[in-house]
Structure formats: C-alpha cells, structure tokens
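This is the structure, below, for whatever I ask next.
First chain written, first letter: the chains are A, B and C, and each begins at residue 1.
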Amino acid sequence: MSAIIEVDSVTKTFGGVVANHAISLKVEKGAITGLIGPNGSGKTTLFNSIVGYHPIDAGSIRFEGEEISRLRVPRIARLGLLRTFQQTRIYGKMNCMQNMLISVPHRKAGFWDMFARDTVERSDQAEQLLHFVGLYEKRWLRAGELSFGQQKLLEFAMALMNEPTVLMLDEPTAGINPTLINGLIDRLHRANEQFGITLFVIEHNMRVIMNLAERIYCLAHGELLAEGTPDQIRNDKRVIDAYLGAH
Amino acid sequence: MKMAILCAAILAAGLAAPFVVPDYTTQASVLWVMVLLALTWDMQGGQMGYNSLGNIFFFGLGMYASAVVQIGLFHPVGDYTYAAGVELFEFTPSQYWTGLALGIPVAGVVCAIAAIPLGLIFFGLRGPYFAIGTLAVAVAAGELFSAWEWVGAGSGVTMPSFPHHPDLAKLSFYYMNFAIAVVLFALLAWIYATRFGLAINAIRDDEQKAESMGLHTTRYKCVNWSIAAFFLGMSGAIFGNMVGFIDPREVAFATITFGIFMVVMALLGGKGTLWGPVVGAVMFHSFKEVTWTYMLGWQWVALGGLIVLIVVYFQDGFMGWLMRVKPEWFGIRVEARARETGRARAMEAAQ
Amino acid sequence: MLDNINILIMAPVYNLALIIDGLLIGSVYALMAYGLALVWGVMNVKNLAQGGFVMAGGYVCWWLGENGIHPFIGLVAAAAVLWVLGYVVFKIVVRQVLDRDLFTSLLATFGVAIVTEQVLNILFTSDTRSINLGYESLTFAGGAVNLPVQKIGAFVLAAVLAVALALFMKRSRMGQAIRATAQNPRAARVMGIDTERVYAFTYSLNAAICGASGALVAMIWLIQPFYGLAYAIRAFVIVTAAGLGNLPGVIVAGLGMGVIEQYGGFILGATFQQAIVVGLLIVVLAVRMAQAQMRREIVQ
C-alpha cells in the first residue's frame, strides 16, 4: 500500500499567523483518509497548500512521487488531484449537463481539443454520474437554481466526471439535510470502491468521518495532534481535549 | 427549423438590401460593422466575463496595418503620408485591388498575433482592472499613432481612392462588411456549440473553479481574443477604406464612440447570447441613425443616458427579457414544480 | 532622443526645471488620485468620470476668468459647481449602480465621462485653453529655469487643499463617518451613520476636488474636453500603484508620475507624454501581477 500524497513537514504562515506548522502525513492510495480538527486548526489551509492554491513556506508535498508544491492549480488538477470547495462552487449560469461536460479531464487536451464537440459517450457518462448522485431529473436545470444540497451533489458529480486519481473533499456533508447524509456517505464509499478514487476528506461531523475513513489525522492549532484508525482517534485523550477545549 | 428560416431570411435581406434601399447602403454597411463589433465584444464580455473597453485597439491597428500594406506595396509609406493631400501618388486599379486583397487579411493576421501577448498580460487582471487596462491600451494607441510621423501622425492617412464609380465603392464595401459579419456569426454559432463555448462560459461563471478542474484557462482566453482581434482587424481595414481617411483618434482608435458603442449594443441586445449582440446592434444603430441628426449636439447626452438606462434597468438586455418571457424558445427548462418542492425543502431544512 | 538625454547630463539645471514642472503637475495628479481613492474606498465605485470632472472644473474656472473673475476665486467656484454636479450625478447615476457588479459602475461612470466631455466640447469647442494670469516668472540659472509665479501659486493652493482635506478627514464628524463607512458600511449603519448621506457627500466631495484640480490644471498647463480620459487613467495608475488606503503613497506616486511624465516628454518628445501614462499603467499592473503570482493571488 503506497502513499499517493506525501506531505512532509509543511509549514504555512499568513502574516503573523502560523496556519500550518511542520505537518507531515500520508494519504494511502485507494483508501479513504480523514482530516479532522477544531475550527481554525488549519485543515483548509493544508488542503489549499496541497492543491496549489498558495505556495508553502517550508516542507514538501509529493503526489505520486512527484514534487508538486511549486506547481499551479490547473497543473495539479490535470495530474489527477482534485478538490471540492467548502462553499460549493459550480457554474451557475450553465445547466447541469453543461457543468458536467466541461468537467471532462483536460489532461491530454491538445490545441484542437478546444473545439471538440462532446461525444455520445461523454453525454452518457455525464448522465450516469448525474443519476449516481440523484440529479438525473434535474439535469437540464440551471445549476444556479439548484438548492444548496443539490449543488453540492453536482459538484461531487463534476469531480467524478473529471476522473481524478485523488479527490479531496472539504466538508462534504456541511449544510446537508441530516436525512440525506447517509446517502452521501454511501456514494462516497461507492466512488472509492467502484471508481477506485482515493479520498481525502475534511469533516466536522464525527459520525460521518468515523464511518467513512480508514485512517484519520487530527490537527489542532496548526499542528498534527494525532493519527490512527477511527477507533484509536475516538479514544485518544488529546483529540477529545482539543475538541472540548475548543468549545 | 425556425432558426434556419430566420437566418435564411436575414441572409436574403442582407444580400438584397443595396438594391432594395440603395439610398441607405452606407448606413446598412455600417450596420454590419456594428454587428461585428458587438459580436466580437461579446466573445470576451458576455460569454467569458472579461469586459474589455479597449477592443477598438484591434480595429484601429488593423486599419493602419492594411493602410501600410496597401500603400507600402507601391510607394514609400513615409513619403506618401508626408505628402498627404497632394496628388503625387497614384494607384492603378489593379494596384488598388491587390493592395486591398492583401491588406485586409494581413490586418487580420497582425491583430490576431498581437492579441496573444496582450492577452497574456491583460487576462491576468480581473474585472475593472482588465477594463481599464484595455481602455488604456486603446487610448495610448490613439496617442502614439497621433505622434508617429511615418503613418501621418495627427494628420492621419488618406487612403488610396477607390478607382471606379463611387456607387460601386459603396456596393463593394457593403458586401465586404456583410460578408465578414456573416462569416463571424456562422463561426460563432459553430464555436459556441463546441467545448470552446462551454469553457469560456465556465471561465465566466467561476474562473477559479475552472482552473481547479484543470481547464487550460489561459489558452482559451488568448485564443478567444485572438479570434476576435482577427475579425476586428479586418473590419477596421475595410472601414478605413470605406471612410477614405484614417484619423488616429476619431476613426481608428475611437474609444469614446465605436469603442463604447460595442459595449452598449451587446448589453442592449443581451450579452452572452449569440443573437443578443446582433439584435442590440440593429436596435442601437437604427435608433442612432434616425434620431441623432435631430439632436444638434445633444446626442451624447442621449448616449450617456442610454448607457445608464441599460446598465441600471436592462442588465440582461433584449434577449434576457425574451428568455425570461419565453424560455421554451431557448430550451431552458423551468421547473414549475420546483417552486412547490422548494418550499417543502425549505421547511425540511429549517427543522 | 539621445541628444535630449545628453542635454540633461551636460546641463544639470534642466533637470531642475523638469523636476519642478513635474512636481507642479504631479500635485494635481495626487489630489485627483486622492479623490478617486476616496470614492473607491468608500463605495467601491471606480469613477472613470474623474477626468471629465477635472476638465469641467477647468472650464468653469477658465470661463469665469474670461469674464473677469480672478482664477483663485474661479477655483472656489469650480469646486462649488462641481460639488453640485457631483451630487446630481450621484443621485441620478451612481446610486443606482452601487450594489451592482463592478463593471456596471465602471460603465456607468464611463458614460458620465463621455457625456461630460462631449458637452464640454459643444460648449467650448475642442481648442485647448489655459489661464494666463500675466504674472511674471521667476527665472534662475541664467534663464535656464523659468518658473511662472502663477504655477507656484497653483502648487501652493494644491498643498493647501491637500492639508485641508487631510484635516477634514481626520477631525470632522463627517470625515470620521466617511472613514467608518469605508471600513465597514454595515457596522457604520448600525452605529447610526446615514451611509446614503456619506456616499452622496463623498462623491460630491470628490467632484469638488476634481473641480479644484481642474482649475489648477488650467493654470499650470492646458485643458481640452477630451483630455479627461487620460487624466482618469492617470488617477487609476496612481491609486493602483500606491494602494487604496495609502495617502502618503498616493501623494508620492502622484508627484512621481508628474516628474516621470516631464522627463519622458523631454526625452521622447511631448507627443509621447500621454502614452507614458499607459506605459506606467502596464508597468504598475505587471509589478502587481508579479507580486500576486508570488502569493498566487489575483489582482482584484
């Protein structure tokens, strides 16, 4: 079992605030890894650093063995490392199908691919994925008119359409109706098992992450606090203190 | 089916116009220029979310490029412009047409190439900075060309005169303007239906998202501007010949006339749609031709008022209004049930 | 071009002339840029009509001068007239586009700029104008540096205005209200500040600043209806270079621009002066972009 993302001693500072301090972790290929921690512990900053949203101050980040800490966002995305956003982002004025169709992988896109017409296979794939997330009936609606939860599902489907190797999800269940969360967890599992996508998930909902992840890292105050299986984390006194102390 | 009939009708009308209403040939000719200006603006503005105030730069650049080719093939350009107004330099008909036939495509190519480095510089800017930056380029070009002796500086360039009857000139330029407007429209109709159209719309809706999904945003942006520049350059070349005289600030780099008209027309008709700029150009140009001569100088106040009216009250333009009133015509699905279930969902979420 | 550079090296005193001229016009640039920054900071409107207001102010002062009124009084009149004009423009145009996207407000103010310039053109034709007070000049260095007294007067006025503005913003209730609104409009409203009034006041104040600047331009240099846009762009370059909240930066950048333009005009020829503005804009934006790249942000 190899590590597909290796974060090695990464530090990131904003102004005077140390958001991430010497964080090291590994995301196993094919597995589901969780990232938890109280608010302000630096989870999203770490995500942003990995996907190239901003440069890091120290350390190294490797994806599939290659150093990516100096690459830009589109490059990293084309390598197969994708993320979803905490504030769901979709293309509001385009309908769902269009959102899906523009989310095809651009890895090998040459100059003339810019003018490609979308094939029947791609349309079928888009429809299947929309069906997978339960948005098939809504596929011709404008994305901007979907409800918040539906947009989150669309963003998830778009990510799957991009055929990523690794999908980093930033709080995928935030703001979702509790009755729908089980369905989402199920879909995440299926994405991992059926499509073989490695998942790296930030979550606040303990029930979700304990059910989802095989290995969990816990951050607090910008540093790595603990790591282990869900059971180990659940019983780790330091983690409990960090969360209780944060309230 | 309806679309095809509409297009055929417009094509026929366009082809026949100079014979049906010969007195209005020049105005109709300018109308096709306006259509092209609006369509090319909308490629970046409405479709891609980059509102340029300086597209007129390519119009003027093409104009000058063609002039240089048309003149330079047969006479030294510097001498020609220096002697402006004095009938020292003549062009035989075949020289004229050769110059024109070469000048127009050269203008297009020069502008298409120029758009790439400019695009790399300016597409790194967002929103207002892009608008102001492009405006500044157009203004500067006007100033620079006003100072450049080789192309006549402030006195401009007197174009080689059309070697046949002026009526034939009007006709020729009409069909040239008509032709490139039609070609541009056809090209856009095709290109907006490919991945290109989706990509530039995605850039408009959320560029960071597009980048994070691996889209080659820079490539699309530069190619978009390059295509627009190509057509703008050719249009400028034709226009310069039509007017017969290039004034750097009034005719070529006309930031406060054509440069702003293109924005107004696209907004008026409905930006981000294929027909919007066309409709807007027709509406604006017709209105202008009919009313401006009666306004005795106050047409600019009217223009300012129109701009304010449009940006404040008609953001989506004519096509936007049409799409709201008759969404079925455009294949937009509006879920009537969504409004009910929406309420139900809201109640759920509120628990 | 090289000859011109040679002159500067051989006879350093010409540098003095350029620098002084540059500071004179630069002081006006700085004032104008400050007004732009004010409106921008308070209501996030990038006022492309800035240059139009400046020219309008210049013409008010010039026209009064033609009718026998001393330009220093004309300056006050210009400020007053432009205050009213600014208020009208705010109510009719700007207020409607305050909560729209940024391009909308840009386009709306561009519309105002066009209207202003064209109306000025109708009223005063497109000849360039300037005000000549007929005061003598101070000359030194054996005639190499020629300093008209009226230009010195204008500079002094500019400085006085700047100080008055700074004091106003710091000490007066309205000044504080403006700064509060700039920082956080909602909080300001919660605290009882009538943000509507603050916006109207700020826009009018900016117009008045432009009006006064225009009068100064008429005294120092030339006015012409269509020069306005270039002034607006200059103001943008200055504010972009200095950064929004940075008053000393705006002053330095404004003065700097004046000097750079004078040098550029001398070395490259007067007709390239306008183009220098754009060159500066591109340089400034390029620098900002490069800085942003290093932090991987976008120039907003």
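To be clear about the criterion, a residue touches a chain if its C-beta (ideal position, glycine included) is under 8 Å from a C-beta of that chain, and two chains touch if they have at least 3 such contacts.
Computed from a predicted model, the values in this text were never measured in an experiment.
Asker: Name the chain whose C-alpha centroid is most distant from the C-alpha centroid of chain C.
Answerer: Farthest from chain C by mean C-alpha position: A.
Asker: Which chain is the middle one, judged by CA centres?
Answerer: When every chain is reduced to its C-alpha mean, the one closest to the whole-protein mean is B.
Asker: Measure off the straight-line distance from the CA centroid of chain B to the CA centroid of chain C, and report it in whole Å.
Answerer: 32
Asker: Return the distance between the CA-based centres of chain A and chain C, expressed in whole Å.
Answerer: 48
Asker: Taking each chain's centre as the mean position of its Cα atoms, how many Å separate chain A from chain B?
Answerer: 42
Asker: So which stretches of chain B touch two or more other chains?
Answerer: None at all.
Asker: Quick one: which residues in chain A touch 2 or more of the other chains?
Answerer: 72-73
Asker: Which of the residues in chain B come into contact with chain C in the complex?
Answerer: These residues of chain B touch chain C: 51, 53, 121, 124-129, 131-133, 135-137, 139-140, 143-144, 146-147, 153, 249, 255-256, 260, 263, 267, 297-298, 300-301, 303-305, 307-308, 311-312, 315.
Asker: Which bits of chain B are touching chain A when the two form their complex?
Answerer: Answer in residue numbers: 191, 193-196, 198-199, 201-202, 204-206, 208-217, 219-220, 223, 272, 331-333, 335, 338, 342, 345, 348-349.
Asker: Which residues of chain A touch chain B in the complex?
Answerer: My answer: residues 51, 72-74, 77-78, 82-83, 85, 89-95, 98, 101-103, 105-107, 109, 111, 113-118, 138, 140-142, 145, 147, 158, 162, 177, 179.
Asker: If you look only at chain C, which of its residues touch chain B in the complex?
Answerer: 46, 48, 92-93, 96-97, 100-104, 106-108, 110-112, 114-115, 117-119, 122, 226, 229-230, 233, 236, 240, 269, 271-272, 274-275, 277-279, 281-282, 285-286, 289, 298-300
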